[in-house]
């Protein structure tokens, strides 16, 4: 069995050096990012056998995505398309949350938007212990929405734990469409990760985090709901059965905020996968997020040992 | 009066360091390139007042193009579009003509492809001494073809010298379409630059360079025809009236072949602009090309003094 | 009409990477800086048509200054001198206000110090809406003092708004000489920017900022006085007629303190130019300064949109 | 079945920038190299499913080796040892064969030298179509010699093609010991690659290349012998049955000679694996070597398409 | 007379850029570090004539160590060994005390571990005003322990001030062995520097810093004891005779914590050398440490002027 | 005794990366160069105890010069002046002899131009076995001419070998002045190095190299004359007594031509110092020059072993 299968898009992101801007920088660092590839990389860092499924143009750019993810220890299952049949998404990102930080995305006509169920290796999907998709993926195209619906249902039927993260910020959906989309997808979801701002924007569940979590757990009948926080210094909240768990973040300097949320998700799913309870898994997520925060790039780099050490340091 | 007005597309090009590949490089150098912007930069280097007209998305990427060209001394006349109404073309280029050099272009839906005559500042066009367009521009879209036809005709009527370079290699046109396209455009052209491989591919004029030039001069009734050579060590040939001029290239190490042809064109047009004869202008072109060859990036950097010194060195 | 004309010196500044020192760094980043060129760059960023006038040696270094400023959107009006008739000022600067930050300036015999009224394009000057000079310029040489006197008077007669910034710190003048110099120049000045430390050092106006501003406004009969603060977290104060405006700074990490004051001035003058009141113009200045603070180099990079977003973020 | 299994050591190699020396360089580029990992990377580039088996210390350095090889598309089967039970070999290499090029190796007590048959995953070995080891591996320690003997015999019994490359240069063995070692190992070898200098040094087979190849083929009863050449412009020679094949190298600038020989071997084995004859496989090897030559680092980067294009270019 | 002689090991340390990890960084910066070489570099920065004695392999790596220390103004007295008779220690260090900072040391079989009294130039030792060794040196090998014992005794007999810093953290000694080792060495020591964590670990002297210092001063009969603090914001404490001095640290951003403690020691010993009292020397140490903190690398770079300016800034 | 004492100026040289220009490069590499410091560095590389004497401003730039030379193994004897009493010469150099290579020098008012005999440590001078000065030094100022005259005479009286290199190209002297200057200085010179172009320009000795050498040897009564060649592929010629020696250059790629001539001189003087005959010393010079040619920067880096290996390679 594969520990974790994620399905989605990866973007090749180009960033000027710290303190320089897209308009004038002489060089750009290249990093591969995407919610599902970031989650897979975080899980691989924690020792899981993680597979990322996607569709890419058969160019040096497409091969780069695969090479970078392999380096992070992620196995890849990619359908290659002709360069003319779909682009690789690119983005130009000023890293570090400074006054003038700018991102220019260039995501139209990406190959992944035409990914149908025929592009998903059924055996890999059925053999997964956990399957993860993020909210931006079904929002990318009607085709991807159908594919996502299908794959959550197939995975669920095959007995996998289905995990879903509602984050859809970058997609530019309006709240009503997003809600409709989630209503269509969340039936088969066991683990729901939702940011408090999404909860407010999409469901109108503002105010306290715990009742928000309960409403969502009831609405979609998920086993586990995790509410992440807009303010990165606030505790994340996990709900399972009648229990509520709050875990504050681990302190770490923020060198690059990209992918920190995804590292949390990957760490949390890894904790659950090795049998940890919700609180311990939230701690794994929080420490993986702290590790990511200090690293430039979208995916976390390191080993489970680093995560354990971050946790141990707080306990001293 | 403006010395030179060029109209066309610029692409933001990302290149790995020498000896590294797109698939694995950690950083990419960014350069702005395009036949018409390169020609304008070469002319500005030679001291001309050069203006580049185009259409760009109003993003940090679009502003970068303008900033880079300004740095090269080119004035810009840009119609800004909404980021959603057109992309900036990007390309990923391994510089240096080595065994495995690869280019991935990403040019669909560029803002410039919707540039109509309404996007061209008529005053600037009518005020130009020389107007230049390259063959790839009308090949980009039907709209651009119509715009090119219109602007050559307007410039011609206003008394400008119209210069055209047939190079269409990267556009992927078939020869028949290219020929049709040139037949539609070249009526108003005074100075025609054609590479011997284009001549062969499009017109079937293989074999000797001089008869090739004469055939084209007759066919399109151009005052001046310049035939550039596939083999960069061969002499370029200029024809005007009954005269034939051959000018061998200046020796220089090739650090980056990008834009060398355009530097030649810019140098040649500059020579003509200051009143030099064909031979002297070809020499200006050849020396500007030699200077470019040694510089990384698509546009030449320097001053007319550098070009004069390269010429003087050969004469010693 | 030109929106803003500035006249002064630019220095080519070489900086080791963060955390390295002049004594051991292997590479140095090059940036062009100078109060008037920084102000012009900030104004161009805000969308103004800004021109910088100066005198430079006709070398690759001099041309670099022009190229860098053009990239920032500044038009340049430069008198070129022979390389033997004046240097380009250079400086070696450890950026970031750390324990051991060191600057070595190398400014003797700069070409600009011999700039006379004959070196100033009279048409450009007379056509300006606003003219700006900083306090270091007249302090550089007797010739520059005379030229400054002349150009403020000419601009004033032509109906331009004359703006002057007293900062003279780096010039090493004593307070008495500075005062004498300002007394000679400030007759024609409409907008006076003064730092509270200068006010104390030169005029002995210590203590409260508001009376300090009033004293200066009375002394020199300026329409508008802006007092900037030694402590970058204190509010700047603007005085016009009987009104007093205080605007606190916008929060931003300081990656490079160079040119932050000049960005403020450029932003403020831009605000006034588009008709904003003093308070709003001070806000434009403060947000432009915040943007600069996060960028490495002497001049701000970006667009008015960045400034507006910084302002909007605080209001949320 | 796995297409290719290689077993051996990888070294983390640090190189100063071109034109700088170990003694003064401020930064060093890091690359992973080793005959067997390079061969596996070349085979993966050609589309094979390649596995590299080794023993590494469980440190960030050891994990880096695995990450880099994965990025090259190589699967890894690594036995992890405690950091105290064996080092990772390092080397400091001035790339580019210039006057003063220096290499400092630091290879004592490498973890791989204690690799026994218990450290080899038997299933992987038995499932291989081709197994490859280089001459330096058995020369590293008595333990590794025994392990090599054992694995060639196991692979041979399981029906795999066994390939061996005699290169032992860097190990510092004397010729007699090397011969003894080869005599012990080559019984099970089907494909023998030998450089003409090794042939001369170890077997005293100087002079013509073809008789040299025949002598070795007879001596060790190998199906195929390939003799590579000291002078990189000479043709390589392949012998199989009574046939002799000579394939000249493809032209390419040499940016980094490291790993060029290994790229040849990987390309050749890939050709054989997909059923090509000796001549065509030698051409695959030669084109893969040409591709490597232009790339900085020990392993080739690219795809089979690059190799095909290099071959096609010569045929035009 | 030589002002300061230090004896010990230097390590060549490779560090990825900030925010990158050993596992994925493309380049590594190289720095030479070691307690005794860092102390010598700090003393040279303060204007002392400082000599570092050691044993190095005669390779480009060994020569690099000498070159780097010379650049810091340190004179070197090195016994060169054959490359086979001992390595240069290397280490791979992620600088900046972030969540996942990792160090991989590779120090076995270093040439310095075989340094005997025959490898120490007796004249240089006898001619020293102050001799310094750190605690890690005698802990490296029995040979080095004997050599350290001998050289402290020789220096003491020759009238030098003997200084010793107990820090042994990186050596991995247990407390009992460390105590035994110090008991053997500290007889001849005049100036003892001890960190409060070492004091606790080795001597069980927890709790208040002042009684800890007194206990050690009594135990080893040292003239001067300096207790440094685990928390870098706490004051260091010096004891001499009946006097107690506390000096708080100077504020400075920490860009690289490596070598900060050694810079303190070098600054303190420099202060004593020029005749300053304990308090003033502690201030010199603290300001030198502050300067180091802002610089990337193991050794401080600058001049005494920088240290004086850091001190003056606080007094304003 | 000191093996070699050189006296002269060093310049801090800033160079853009290969293929970039002063006008647009983002970063510049810094190197210290000067005929006498380069000769000292080459001699130190060859194992000599070499001292460089000069006068520098007491700034971070001046200290950098000393640090860089120390790193090259050169001891320095520097008189420090106030920053206001003289600059450090800077130069901006495009390395690599390409089409548009440009150098901008900025050498006015250098501190060294006021160096009098009082600034020369008499003991060091009298204790030298060989003293070297280059032709540009006395050409810098009347003061330096007098100082050079004095020091050659003092060194000669003290029994040192006096070596002089006529190269004065960069100083811009006319030939007549240069000749006058040499006539004043060469009385005390034992070893004269002259380039054939200087010989032609200054003495009118064109044509064959051997008679040229003899004429100079006779004219100035020097024991040894070495004539270097304009064309770097021609043999250098040495004359001593009646003997003539011709030594062809060693082959090596030219990465940076700066300082190659000086490396030759340093290698030659080193050969003579260890007692080698003229031919062998010329070979030492030629191999040191070849080593330098491959290294970026003005001074050679390496060890005598590298030079010996370059020589051995040719003999194989």
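Chains here go by letter, A, B, C, D, E and F, matching the order in which they are written, and residues are numbered from 1 within each.
Here, a contact is a pair of C-beta atoms (placed from the backbone, for glycine too) under 8 Å apart; a residue touches a chain by one contact, two chains touch by 3 or more.
The shown structure was predicted, so the numbers you read here are calculated from the model rather than taken from an experiment.
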Co-neighbours of chain E and chain B - touch as defined: A, C, D, F
Length of the shortest touching-chain route, chain B through to chain D: 1
Taking each chain's C-alpha mean as its centre, the one farthest from chain A: F
Proportion of interface numbers common to chain D and chain E (over half same, under half different): same
Separation of mean Cα positions, chain E and chain A [Å, integer]: 46
Rounded Å distance between chain C and chain F, as computed from the means of their C-alpha atoms: 45
Whole-Å separation of chain centres (CA-atom averages), chain E against chain F: 39
Contacts with 2+ other chains: residues of chain D: 21, 23-24, 26, 63, 67, 71, 102
Interface residues, chain A side, partner chain C - complex: 18-21, 23-24, 96, 98-100, 102
Partner chain C, residues of chain B touching it in the complex: 63, 67-68, 70-73, 303
Interfacial residue positions of chain E with respect to chain C in the complex: 71, 250, 252-253, 255-256, 290-291, 293-297, 301-302, 306, 309-310
Interfacial residue positions of chain D with respect to chain E in the complex: 14, 21-30, 59-61, 63-64, 67, 83, 87, 90, 92, 102, 104, 106, 108-109
